[in-house]
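Below are two complexes that have chain A in common, paired first with chain B and then with chain C.
Entry: the complex of A and B
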């Protein structure tokens, strides 16, 4: 077991720098999820920890060892690949035991360890099969078995669930978490799926264009997104962002089609007239009766019925926003709705930098 | 195509039939001639009805052509070329595909260009090298003044020599390099997902272990297909063995056939010559028949 830390890590391919100086500390036994859109450098970061990619500058440490110049096999890490990376000509047993056979462990020990791992993963009866005779979910399990059997300090997962269908994916999500609770090894999981990120992480690392936008527990990141980017990326449907201006006293914002919205803490008079983005999550908006005040008026464009709830797509001036509601109102497209939200659930971001304005944090 | 075109069908079958006839007629002649007694084979025109003396002719050809020694030589040469080519080509392709070194693409293109230089074109320099396989090294030492240096220091003159003439090495070694095989291996290696190499790295497998335990087993069909081509290629070598061997003990079957061809002041025993030809043709045919399933699969690049 070990913690993983990166200090000012950079990575360039030729003249293009794709990772721009990253610092992370992942504690012993933590399940960290690195999330971001494709091309943000998250897989590259993982591969640098694995030793499959050289570090251009900075320092990667596992436990108390700096591993920059160590071969992958010397780092005591195991990796689960997106396309499983199973050896097609070997049976599941041979695939899982390959690392141990290379390490020349005694036959009896290998058999015993493979069987134990197979029991944990529920694949005892599949050990004699080749990868081509296994389904996607079964291959995934074999790939995990190959990682688990080495009892590594750190598990690395490179989008391991992206090739599975939706049902299997949510099942494997739970299973990987359960395994982590059992094995308690430090795990780093890379994904572009924010649901995976939210549900699995002890610690969430949101990346964008080679830098870390925000780290924290999923709850922290969801409650207090550090930037408009994170606000839009974490949570589905994405947070509504409306352009607005801070009032003269800094205690309220004003925007087209929304009138004056008072802020619980205010932003201070020094920011008066500042251009901001007002953020509010779809699930924090509610439709209220006419005349009972509310936050703003919006024109309903269309409604999506999800069964348990509905998504109302609305227009406020030129901007669109989404309301996630469980109310069964009889509204029709074209109707004007009054929308309300708890001021504590409002987020304010600088319009230019996109960073969160801390002074106005609610609750 | 799902079409019913009886006329077109008839035409295509006729063309096919004519083609088949053109291809097979010489073989039929050879076979018929091999079964005839001497008197029948010199008849003009020769009959196309097979006779009953195939075995006698074959035995005569076997003895006259010294097929016992030559057969052994042929098998050694063919298998030597086969293994040498596959070993060289797969290792070269491995280096080109999996290692990132300076001038990698240059190396690949140089190998690729040699496709245009068959043995016949470079036969004179190749012969010179075969006369002394260490000649290039010697010349390198000479150019670098190392020979002179050593001679001056110790009084010993360096004269490297490794004569390949009239040896099995001479028959096989100069034919080891194969751009075609290297290219085929490279194309196959490129289809193997990168994750496999990375997974092997994570599992602690070094490059050679990866090559032998993962790449080669996966290349099975590829190797089988290449073996067929290379077996036929090796077996049919004529010009090179002719050049490099003078000792009758080192001759190969294909060269031995020449002995059977009647010269001016001999009986024109074409029946014996043809029986010998049939025997020499047999091994490649057997190899092709046995391995053709693999051969097609390997060329199509199919798995399973």
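Entry: the complex of A and C
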């Protein structure tokens, strides 16, 4: 059991810096998910914690030990790899027991511990098989077993679910969470899948291009995204972002095709005329009866029926937005819809920096 | 995966493999069949009718102590050549596998000896190992008579083993390096996290995954050292001194082409061929079973 912290961590490959000074504190027993698009540096970050990549600058600490110069085996971390990394010439039993055999534990203890882990993961029947004789989901479990058996301080997961099909993925998601609740070891889970990130994390770390965009609980990140980048990345379908301008008194925004939208708290007169992005999530928009005001008028382009709900793709001026609604309206493409949203669910971002303008309280 | 090619023309596929078949037939099957026939006859060296003698040639061969001596020398030569060249090649490949910058340069430079013909390499090594010049002259000056492959059989043996090993290191190196680079990094990383140091990782993970390459090279090297040592020995020692480096394949040449005992050397060829086949069979039987082939 240990917390993991990084102080101003940087990583360069040759002359290219890929991690630009990152600070993270992950508490003991926390399940942290690092999410970001491919190439954002999240896997590199994980590999630096594991000791598979050298740290160019800064400090990585596990528990109260700075581990920068420690070998992977001295860090007491276990990792589940994206392609599982199961030793192909060993059976599942040999794979799971490898670390214990390296540590020269007594045979009886190894057998006992492997069987316990296999029971937890429901793979007792598979222990004699080689990885090539296992399905994707079974390999995943064996890989987890190999990590669990060591009872490490920290679990690291490098996109472990990305090779599974959708159904297995959601099943393993729940299972990994359940395991974490049972084992209570600090876990760091890297993924590019925002659904995994939202559902699994105690703490969400959103990364982009080698920096951390935002840290918080999934709820916080969803409710108050710190930048247009996070707003677009977390939540599906993505948050609608419309260019707009703050009014002279800073109490409202105006944009093409949307008229004047009053802000509950205002942005302050000192920002008058400021170019902003107005954000509103598809699920926070509602279609209202014609003539009863609403937020803005949009032309329906087409509707996607998801069964339980519908996605309405609309145009506002030159911009597109999506409405996620459960209402059954008889609208046809080309119709004009009046859309409304609770002002509390509006987000305002600086158009240039993309940062959230905090005066508008969406929380 | 088996690649299937469909030929419209029924004749074309046969024409395409014809050159290869012709070469193998002319240079392998025909001489082999001839040798097999000659080994049961007494073949006059200057032509004329051969006399059928049944197994006499083989009887004579197996009652000759010289032959057993040559077989023993061959085993020593084959064992050490294979051991040294595969061992050093593996070591070099492990080193180069760790190199990131300049990999192509190392790979190319370490490949060059393969392009050197055996006799050319032998001439170079013979010069290096001359007792009267260079480094060994210096050693002989300090400890007179410590090195002379022209007189001392063991020195001569060591010399041809080193030359033959040097020649085949490159071939082995290329295969080992390719084998090492085909092993996904993840396995090694997972083992590192599981607490295995570099040596344990090599023994428990890397080597088992490299074993198909290792086995292939073992078969090739053993077979080669039984048959390919000829070029080096012919240039460096001619089987001497006193028959100390007279390996089977060189003895076949000497008895057949110098001694003109065509039937006796044919019998030796047949035995050598059988020996190589047997050895390959043994390797497949005993070693291949323990090999993991990737699926």
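The rule is short, and it goes like this: the second predicted complex is superposed on the first by the 361 of 363 C-alpha atoms of A that agree within 3 Å, B and C clash if a C-alpha of one lies under 4 Å from a C-alpha of the other, contacts with A are read in each partner's own complex, and residues count from 1 in each chain.
Simple rule for what comes next: a residue touches a chain if its C-beta (ideal position, glycine included) is under 8 Å from a C-beta of that chain, and two chains touch if they have at least 3 such contacts.
Owing to the predicted nature of the structure, the values given are computational and were not obtained by experimental measurement.
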Fit-or-clash call for chain B and chain C when the two complexes are aligned on chain A: clash
Partner chain(s) touched by A:119 [first = chain B, second = chain C, both, neither]: neither
Which superposed partner A:219 touches (first chain B, second chain C, both, neither): neither
Touching partner for A:275 - first (chain B), second (chain C), both, neither: neither
Partner chain(s) touched by A:107 [first = chain B, second = chain C, both, neither]: neither
Common ground on chain A, meaning residues reached by chain C in one complex and by chain B in the other: 50-52, 71-73, 77-79, 81, 83, 85-89, 98-99, 102-103, 132, 146
Residue ranges of chain B in contact with chain A within the complex: 193, 195-196, 198-205, 209, 214, 217-218, 303-304
Residue ranges of chain A touching chain B (in the complex, touch as defined): 50-52, 71-73, 77-79, 81-89, 98-99, 102-103, 132, 146
Residues of chain A touching chain C in the complex: 50-52, 71-73, 77-79, 81, 83, 85-89, 98-99, 102-103, 132, 146, 150
Chain C residues touching chain A - in the complex, by the definition given at the top: 184, 186-187, 189-197, 200, 204-205, 208-209, 292, 294-295
